[in-house]
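There are two complexes below, and they share chain A, which is joined by chain B in the first and by chain C in the second.
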Partner chain A sequence: MSNVLEVKDLEIQFEIDEKYYSAVKDVSFYIREGETLGLVGESGCGKSVTSLSIMRLLQDTAKVSGAILYNGENLLELGPAKMRGIRGNEISMIFQEPMTSLNPVHRIGRQIGESLMLHKGLSASEARLEAIELLRKVGIPRPDEVVDDYPHQFSGGMRQRVMIAIAMACQPKLLIADEPTTALDVTIQAQILDLMRKLAAENNMAILLITHDLGVVAEMCDRVAVMYAGKIMEQGPVREVFRNPQNPYTIGLMNSIPKLEGPRMRLQPIEGNVPSVRNMPQGCRFAARCPYVMDICREQDPGLLGAGPEHISRCWLQADREVQTQ
Partner chain B sequence: MLSYIVRRLGGALVVLFGISVVTFILAYAVPSDPARMIAGPKASMATVLAIRHQLGLDRPLYVQYGAYIWRLLHLNLGMSYVYNLPVTTLIGQRFLPTATLALSAWIAELVIGIPLGIYTARRARKLSDYIVSILALIGISLLIPWLGIVLLYWLGFKIPIFPLGGAGGISHLILPALTYGITGAAAYTRLLKSSMLEVLKQDYVRTARAKGATESRVINRHVLRNALIPVITYGGIDIGYLLGGVVLLEVTFNWNGLGILAYNAISESDIPVIMGTVLLTALLVVLFNLLVDIVYVFVDPRIRYG
Partner chain C sequence: MSVQNASAAIGGASKSQKKSRGALFWKSVRKFPMVYVGGLIVFLLVICAVFAPVLALHNPITQYQNGLHMDGTPVGPSKFFPFGADDVGRDVYSRLIYGSRVSLIVGFVATAISLLIGTTLGLISGYFGGFIDTVIMRITDTILAFPFLLFALALVTILGSSLTNVLIAIGILGWGVMARVVRGQVLSVKEFEYVQAARALGASTPRILFRVILPNILGPIIVLATLAVSQNILVEAGLSFLGVGVQPPTPSWGNMIYAGVQDYQFAPWLMVYPGVALLLAVLGFNLLGDGLRDILDPRNATH
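Our next item is the complex of A and B:
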């Protein structure tokens, strides 16, 4: 299967006090057709910025370098008109905040139909009919009535369904979902995830799912990339990474989740704090918090090293293991 | 909605009653004698006293106020001391000229102010934003009489395109409207700019961009309507106030409207005319405020009155 999206050596810099600092660096990943890739990490690790950079929706002051290949075409080099032709048409996005992501002064049907009118040349009345159909697909009752309602008449879960309907309107090849369930109740979360999975399977649509919830990753994703302080620490198939985590940061993340089975134990948080963008360590970015830290970790970044089929980890320990297996 | 409007109109009556009390007391607190004004400086004291009695000015204040309200309820604003005509007639003669002038001045403000507001919001913190902002600041700082006379001199006298003041056809409206537009537009520009900058930060604007909408579509369909509320509020108060008479504009362009009527009435202590014009302005401001609240409903569907 070919890759829908391939991100290569992505670096994103922001200006703070007239100096540029990298919020994201050396980020590379790919997503195959119809596949779901999870991008996990703590708040502020660069997940959302990465996703916005794919859509080229970051503010003008952000400097983005590297390559973002969509069907082999570098999105970073596209002109504004061509990029608009891709947004909402080939690549769609849903956001964390369903309560504020819909325009309060336009009817739901208009907001769903807008991308159909923009990209598929539908008339307003055709788009309205299509919007009713989309509302039915995302499981909203009485779609022919609510199509003329306004967002404030909807609950958070319903609004996120509407956002999904907007994103699905043009049957995109790739959906970027930036923490789509974080703001929702747990029961609603499961419904929304089910819906996304069902629609993705029906349309052979790939998903880039950004989350800080490892449970969501386990349920939804084929592969996962773990990010820390703007870099990918570990990447691989979900089963492989969860059963056999290689990177101390991934292990730390897993240990900090409460378990329902087995003897009760205290949670093990990762000690310390995420380094600030202005003051990134020279070597491994996790070194200051890593329980296995060695001298070399503080001096040099190890780079991503192979840990199994499609499984890579950014850790000096991996280098030792690689030597052993050879 | 209807019951809301009825309640608001009831509230407006209370406001107008309050204003009638305040203007009545203020008018009589002024240290001038209307009877003496009417009789003239050479008249005898007996004549003055007779006029005073005839106007009822020798009765207690509350009796005078009661009589005033009674007349008001019959839409009688009293007789002008100076013109010896009913105040309603005087206002009636001048309302249309003032309304024409006020409306064209208001439209000029909007036509200049709103596009500049959109422009500066889109170009925020860029050079062109600073240039337009400085020009707007200069505009707001210009005095209406000065700018009016400069425009009259250049575009009426030196290059005679427009008439030199007075009322008439559309050509008579251009220079006064332009004068008011230039001095008043900055308020709309700044109001709309700051409101739009606030809306541009909203998540739903990002959603619109993520759909692939062009920047002008994002602005026109998604940002502008959400940013209009403060502009509508100000615009309603502005036109209500303008309709009560634009003194500086009317004096500069020799336009015989309510503003001049009120201005002359004040200098001649023509108390019934002063009270009539103040009451009219208050009524217009109150009515336009109500109108603004009704317009909100059509702009923002979240606003509902029960």
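Our next item is the complex of A and C:
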């Protein structure tokens, strides 16, 4: 299977007080056709910025370097018109807030049909018929009636379904879902995840799922990349990473969520805070909070080291037990 | 009675499920009855202007001999001249009816011109920000710093007095406030996720400006435009009063008032009727604009 998306050495810098600071650095990952990759990390670690940079939706003041290859083509080098042809057509995006992601003044049928008219050259009436079909696919009852409704007439879960319908309209090869279920309650979350999984399977669509919820990752993803302070700390197949986490940060994350099985234990939060972009430590970015910290950690970044098949971890502890990843 | 209530409730429930924005709008109109008054005045005004030839009793520029007394003073209100005659024997009522055309044309066309300029500049300024924003906003500040009426007066004097030039002068001077308001609205609306979402769907910048952002800020723009209409009607009256606006014998409320000023002691109807017409027109548009503002204010929203 070939890679739909390949991100290589991505670095994103923002200007603060006339100096550039890296919010994201050395980020590399790939997504195969039809595969779901989870991008996990706490707030502010650079997940959303990474996803926006793939769509080239960051403001002009952000400096993006490295390469983002979509089917072998570097998106960072595309002109604005070509990039528009990819957005919504080849790569789609779902946002976190279904309440504000829909335009309140347009009927939802029109919003769903918009990208079809834009990219596929459908007429308004064809787009409307297609919109009804899409509403049916995402499980909205009475699609031929609600197609003429406005967003305020929908609940949060229904709006997220509409968002998915919009994203799926042109049958994209890659869907970027930025915390798609964070704003929804738990029962709806499961439905939305199910729906996304079903549609992805039907269309052989790859998903880049951005979340801070490890439960969602376990349920949805084939592989997972754990980000911390703008760098990928650990990456590998979901089963492998969850059963056998290598990086102290990943272990910390897992310990900070409650478990239903086993003896009742106190949750172990990760002490301390994420370092500020303006004041990144020279060595490992997690060093200040890491329970296993060594002298070398504060001086030098270990780089990503092999931990198993397709499994890599950014940690000096890995240096002694490094294995071939292929 | 109870049966009626029940059926009304059922009707209401089935309708509320399919309530459009338009229905919501009309529901909240009921809470602000002054809108009706404003709307009615504006409606009557439009009727006057459109059906002027039907409503007028006489030709507005014909000078009737029986409009003047033997000593040359105008005759007062009578059966033949409901609102009296003016200093050269023309029918004040008919001139008033035809004068509504000038007021409405200036009100609508000049507002449309400034709306076009102001909205476009405001959209660009608010959306792009940075240097472009600074430049456009400083130009706007400059425009707003000029005394409107004086500048319009100077401009019409240079261009020559005609209805077209009055329209141009008012139109290209009146966009300052609109640009500012639109910019402010854009600044808040552009942060909404649906703007980002539209971009993620592959929409181009003009498309985002005019099809995503503009429809969302239409409310305040409509309110502003309505209020601008009344202001522009007043400015036109002012220009005509000062003699640089619409030229006699074409009737305009402004030049009618001017003509009446000299004779106000013995022929007050010359000034009073166009004055009242002007007052009502401005009141009508203001009530409509204020009412629309209240209705469109989210704090008064009806759901």
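Note that the second predicted complex is superposed on the first by the 322 of 326 C-alpha atoms of A that agree within 3 Å, B and C clash if a C-alpha of one lies under 4 Å from a C-alpha of the other, contacts with A are read in each partner's own complex, and residues count from 1 in each chain.
We take it that contacts are C-beta pairs under 8 Å (C-beta built on N, C-alpha and C of every residue); 3 or more make two chains touch, one makes a residue touch a chain.
Keep in mind that this is a model prediction, so the values were computed, not measured.
Quick one: chain B and chain C on chain A, clash or fit?
Chain B and chain C clash in the superposed model.
Taking the superposition on A as described, I'd like to know which of chain B and chain C A:Phe95 touches: first, second, both or neither.
Both partners, chain B and chain C.
In the superposed arrangement, which partner chain does A:Arg87 touch: chain B (first), chain C (second), both, or neither?
A:Arg87 sits against chain B and chain C alike.
Thinking of the overlay built on chain A, is A:Cys45 touched by chain B (first), by chain C (second), by both, or by neither?
Neither chain B nor chain C is touched by A:Cys45.
Just chain B (first), just chain C (second), both, or neither: which does A:Val217 touch?
neither
State whether A:Leu134 touches chain B only (first), chain C only (second), both chains, or neither.
The answer is neither, since A:Leu134 touches no partner chain.
Now for A:Asn103: first (chain B), second (chain C), both, or neither, which partner does it touch?
A:Asn103: touches chain B and chain C.
Quick check for you: in the superposed arrangement, does A:Val238 touch first (chain B), second (chain C), both or neither?
A:Val238: touches no partner chain.
So which bit of chain C gets in the way of chain B here: 1-9, 19-27 or 55-63?
19-27
From the superposed pair, tell me which chain A residues show up as contacts to chain B and also as contacts to chain C.
On chain A, the residues that contact chain B in one structure and chain C in the other are 55, 57, 84-89, 92-93, 95, 97, 100-106, 114-115, 118-119, 150, 163, 166.
Sort out for me which residues of chain A touch chain C in the complex.
Within the complex, chain A contacts chain C at residues 55, 57, 84-89, 92-93, 95-97, 100-106, 114-115, 118-119, 149-150, 153, 163, 166.
Where on chain C does chain A make contact in their complex?
Within the complex, chain C contacts chain A at residues 18-21, 192-194, 196-204, 212, 215-216, 218.
Enumerate the contact residues on chain B facing chain A in the complex.
202-204, 206-214, 217, 221-222, 225-226, 299-302
Can you list the residues on chain A that touch chain B in the complex?
My answer: residues 55, 57, 84-89, 92-93, 95, 97, 100-106, 111, 114-115, 118-119, 150, 152, 163, 166.
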